[in-house]
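Multiple structures follow.
In what comes next, chain A is part of two complexes: it sits with chain B in the first one and with chain C in the second one.
Let's look at the complex of A and B:
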């Protein structure tokens, strides 16, 4: 994908032979971005296998699917945020709102106009819906950016947080739903949410998306891995098909943002992040560039919303698009190292698998092997002075305790490694190699 | 040493290339720059910089009170005055950081009063800062490569579209080469790949000036470029300024150090209480009664 990855892949075997296969693998992973990401996924898969292998292959592959899906969608969201925050220093804490705008617009545009199936839509093709979703997110981003970017950075944060909540509350409101139905003949479904159009990936496997009628391709895949062969359920296999699409989007986002970063545009963004007055004094139209990059980022967030929540069958404004979602994406970028695209992908995967899903899964597995009653309250768990009882309580209440863990990890990162996993990376902001003087130039006297 | 100097024809070539590039960008400002280019080539005897009756008030405080002066083509003009004389505010009004309360700023005869800093820089008037504002997380080379005008790759679309990126890379190579030459000229080429934040105070001043020159300016406003610079480096900096002046650049220099101004500038403007108190050569200023009274006092 990048110079680093290709050279890393090539050089690893050519260099002195490492002692073992694992050492060689670790070596290669450290030197190549792709290796780093795949290596992280591999570790996650190993952990997933350990947790579920007793339940059979279907469970193993199912857990891997859930983890990969979450890892990739967080990676996408982190990449979009990294463009705004990591490169240009624009503090957008309305990520959830822009994702909601994207997916809701897509839903409204694509859904059938027949009110019998829930909130009616315009019944247009899916690509139109996706384009419209990105466009609406971009336009709302533009409206937010125009006044806010002229002020100091903090105001942008306040405005975007406000917009995100306004979007969510509008979508939640049945009055807005009724208003839309009366005026445009389409609806949001209010607090009950709306069903999402069928995922086209499903049609790849099943004729008209109907279970039991596989296409030729579906027949082939189900035949090799399916219930009658390896025993993986068809729905999990279809989900893996969608994960392949998500992976393609991650690569596309990555290439797009790397190219943006390694160009004069990226150089100007870096300059704006550091010192707006300098960029301004050197002839850069700072306001215009900030608006541009903010709008591009918002459009990408709209697309992420579609890819993420559009594939979930049903969306509802609460709790899916609470500001909490925005903070999760921020944590992903912080862990990976803001400013680094590879870091954002890595941060997304590590956050979603290790910090978000990990504790619950591990907790549930541990709870299964503990032979003790769960104490009724935290006080009881502590007062019992019995580690088993305490563990039973902790593993039964992983979800709330997880927030304590997240907080601790953030404190740890801020204290020990404030730049994130890859934050110390030097990302070149030019379309050409700057590491050494090109030959032919004059040498120093 | 003189072989390192980017000579005037090089600079002019580069400027033409950049102008041509500017014309084909689809940026909204393309129209503006076309207008700017047209203005740039008006042959006129107008001085590169003229300030007329400049007034700037902050609330009840009048920082600049009717200052008027001219900077001649190809000159090294010094601007001095005691603390609070309004030098920095004048500077900020010229470069567009502040909008003047009254009065006008003319760049080559064209009224540019109140234009934003980026528009001034595009017209060919660039500044350095009193306290060096290097972009510390970028390398020295990146700092320099940021500055040139009309970069194709500053359009997001051009930067990512495969068919158009070739031109961007080509231009980047040219800019990189020019950046190296400029670094040579200031003798900081050994620091090219260093992060600007790791530079010493004096090196930062050199970097600032090098970066300003990368914008292809006609007039360079230097805000205390020698403050906190050791004597050896000071000599080097002044030497470079003189060389560049011979290449046709015009300098306006704000400086606290009287000797520097008197020994280097052929024209000196003295500001006092927001307006111009006296103008003339170093010797004339040295012997001007009003200046001695108001500013030099018991010193001379």
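Let's look at the complex of A and C:
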């Protein structure tokens, strides 16, 4: 967290003197949101370097790329969910479904009408596809929201989970694929999935996206960092270019949500979250506001789906858009503290790096050290009565252990710190600081 | 609803969604009749044999009983502890794996290594045929497995409650719901860690296990019959427990009005313990029966079934035990008969759609929110 203080502001009030230097640093870090996020990233990068520095710079930069990408996309998804859940208290557990709607619509709109393989599309430009993806996610969100928002929170949860599963089952279905091909001349690819259009960031580096022909900009970047200079492979450099785009989107989401949160609309949202009856009594149109925020959140989730899965080459409904994805995003928001945008960004980064990628990397590293054959099953590992064999089995099967850890962390947070890492921050609904007495005797209104 | 004609018109005007659903249901019934008669008028009608409808309905009843049995526990935790328990599906998996481990141990002891039996064929290379678990050839093993599934899952549910839910008894429903998602992850992936992740066959095949009912055109599997008998037996036991025993009365009182129950001196924690034992045990038993029906087992089958169970419970009115059973039957029948009209890719989607429609039009459920426990 040392970096946090350098970019953070240090104007700690004089009346509360920090006890030690570390406390002062943490204090300063807590005050500066950007410092906190950058400091967390720095710690993650340090850990990544320690894990891979023996394999050379290319591996270090490659691992950092994977971690940063995941951190940023989870931050985006967490921000979108924070708008619905943190601001307005709408418990939407259909995040995966809305992301799938966004990315699939984008794919269908942009894919060529006569592709070499995979389902045909409309062949329209990418911006149209992105707009269409957000629009479809928003419209489905609207259809779901109009009646469902009158329900109790746990019913809304089950309805949104049901919708997300219905979306996934439709995308999975070959009958639906055939129906679309017959009626509109486009398809979803069913269970096999759909190839995504080429990432425009790639065109920035390579002419027509072909590996051998760099553009002038690509030439410059590859010359400075590439295989001949620092030894970082071209594909990793192109990915870093896309990460810069994602970072810009995180900032844009953050600014949008912060501005929204401070606007009269956002203050009404927080009032609804705290006490719906009071907001209603004050003449606020609670239902309309809920529908609006739900639709905006769903459109943003569609966009996140595009930014995240649209850049992955291929999407397929079943491993990618299972409800588990929704719970990942929820864990990210809960870790950061629902209601806090900085917390969402931080929760996304911490979740993706420490909880999601961390155990796999550490498990693999530990497995390399152990010199024992992996038992074929848990029963064999127990029957062997050998701690080394059991450890070999555990580190080779680290994925289920990681989910157990996630579950325990979720329960632990709900027990001990239900407001998350940044939960001690108070998100006031009022526009002015109510703890300060007005100095003048004059009052408006 | 209305008794005179004008009030029917009024209620139709007030609830256009209900009218739409009624029209759609009527259309489907007319279509079904036309299909059975072999008539075809435009898009309506077609051909459907009575045999196929009969076997669809029978399969629907069998699945529905299993789902309804699982729904009882979900409904009880919702009404008594006031939260939607997302770890309930994984209790089904717990019961299935532990119960089948015991059933295998009894069925194949001596012939097959114990670790292969207890791990439900994760370790070793024994085939399901070598273990030979089937209700006709090894009835004692299958029944002992059912009892073990009930007992072990009840213990697991109780342990989860003590570790995860008891410290947050007074928190709001959403917080406990989130904790239950965490508990679900813990249970599901502990099962994957111990039992492995691959789907595998469980029951052996035995000759002449189909009992044909000639006049009805039904072919009933011995395992289906076992499931129906076991599920109805457990439901009847549940009914007598709720209606005739002191514990049942206390449970119904807690579900109805918690504060009043506490004031009357009902020992709340003891009722909660009983809720977890009974609800968890029934979940484990229904998971065990579901595997008996399907013949295969996989670590996340309970989780994949959870939304169907929720659909059943919501349909019957969340919190009502009898509603859960009725809702399970409806969902089971929708699940299997919907294939008459739509491709089988969508039968699960159809069940969820029924659940969502129910929530939107009549959130209190089929029985109008009469909370019987």
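The rule is simple: the second predicted complex is superposed on the first by the 386 of 445 C-alpha atoms of A that agree within 3 Å, B and C clash if a C-alpha of one lies under 4 Å from a C-alpha of the other, contacts with A are read in each partner's own complex, and residues count from 1 in each chain.
Just so it is clear, a residue touches a chain if its C-beta (ideal position, glycine included) is under 8 Å from a C-beta of that chain, and two chains touch if they have at least 3 such contacts.
This is a predicted model, so every value here is computed, not measured.
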Partner chain(s) touched by A:266 [first = chain B, second = chain C, both, neither]: first
Touching partner for A:277 - first (chain B), second (chain C), both, neither: first
Touching partner for A:327 - first (chain B), second (chain C), both, neither: second
Which of chain B and chain C A:285 touches, first, second, both or neither: first
Touching partner for A:147 - first (chain B), second (chain C), both, neither: second
Contacts of A:136 with chain B and chain C, given as first, second, both or neither: neither
First, second, both or neither for A:61, with chain B first and chain C second: neither
Partner chain in contact with A:243 - chain B first, chain C second, else both or neither: neither
Touching both chain C and chain B, counted on chain A across the two superposed complexes: none
Complex interface listing, chain C residues touching chain A: 17, 83-84, 115-116, 118-119, 122-124, 164, 167-168, 171, 173-179, 181-190, 192-197, 307, 310-311, 314, 343, 345-346, 348-349, 352-353, 355-356, 359-360, 363
Partner chain B, residues of chain A touching it in the complex: 256, 259-260, 263-268, 270-271, 274-275, 277-286, 288-289, 292-293, 296, 426, 428-432, 434-438, 441-442, 444-445
Chain C partner contacts - residues on chain A that touch it in the complex: 91, 147-148, 151-155, 157-159, 161-163, 165-166, 169-170, 172-176, 327, 330, 334, 376-380, 382-383, 397, 399-404, 406-411, 414-415, 418
Touch list for chain B against partner chain A, complex: 1, 4, 28-29, 95, 97, 116-118, 121-122, 126-127, 129, 133, 135-139, 141-142, 145-147, 149, 151-156, 159-160, 165, 168-169, 172-173, 176-177, 180-181, 184, 189-190, 192-193, 195, 211-212, 215
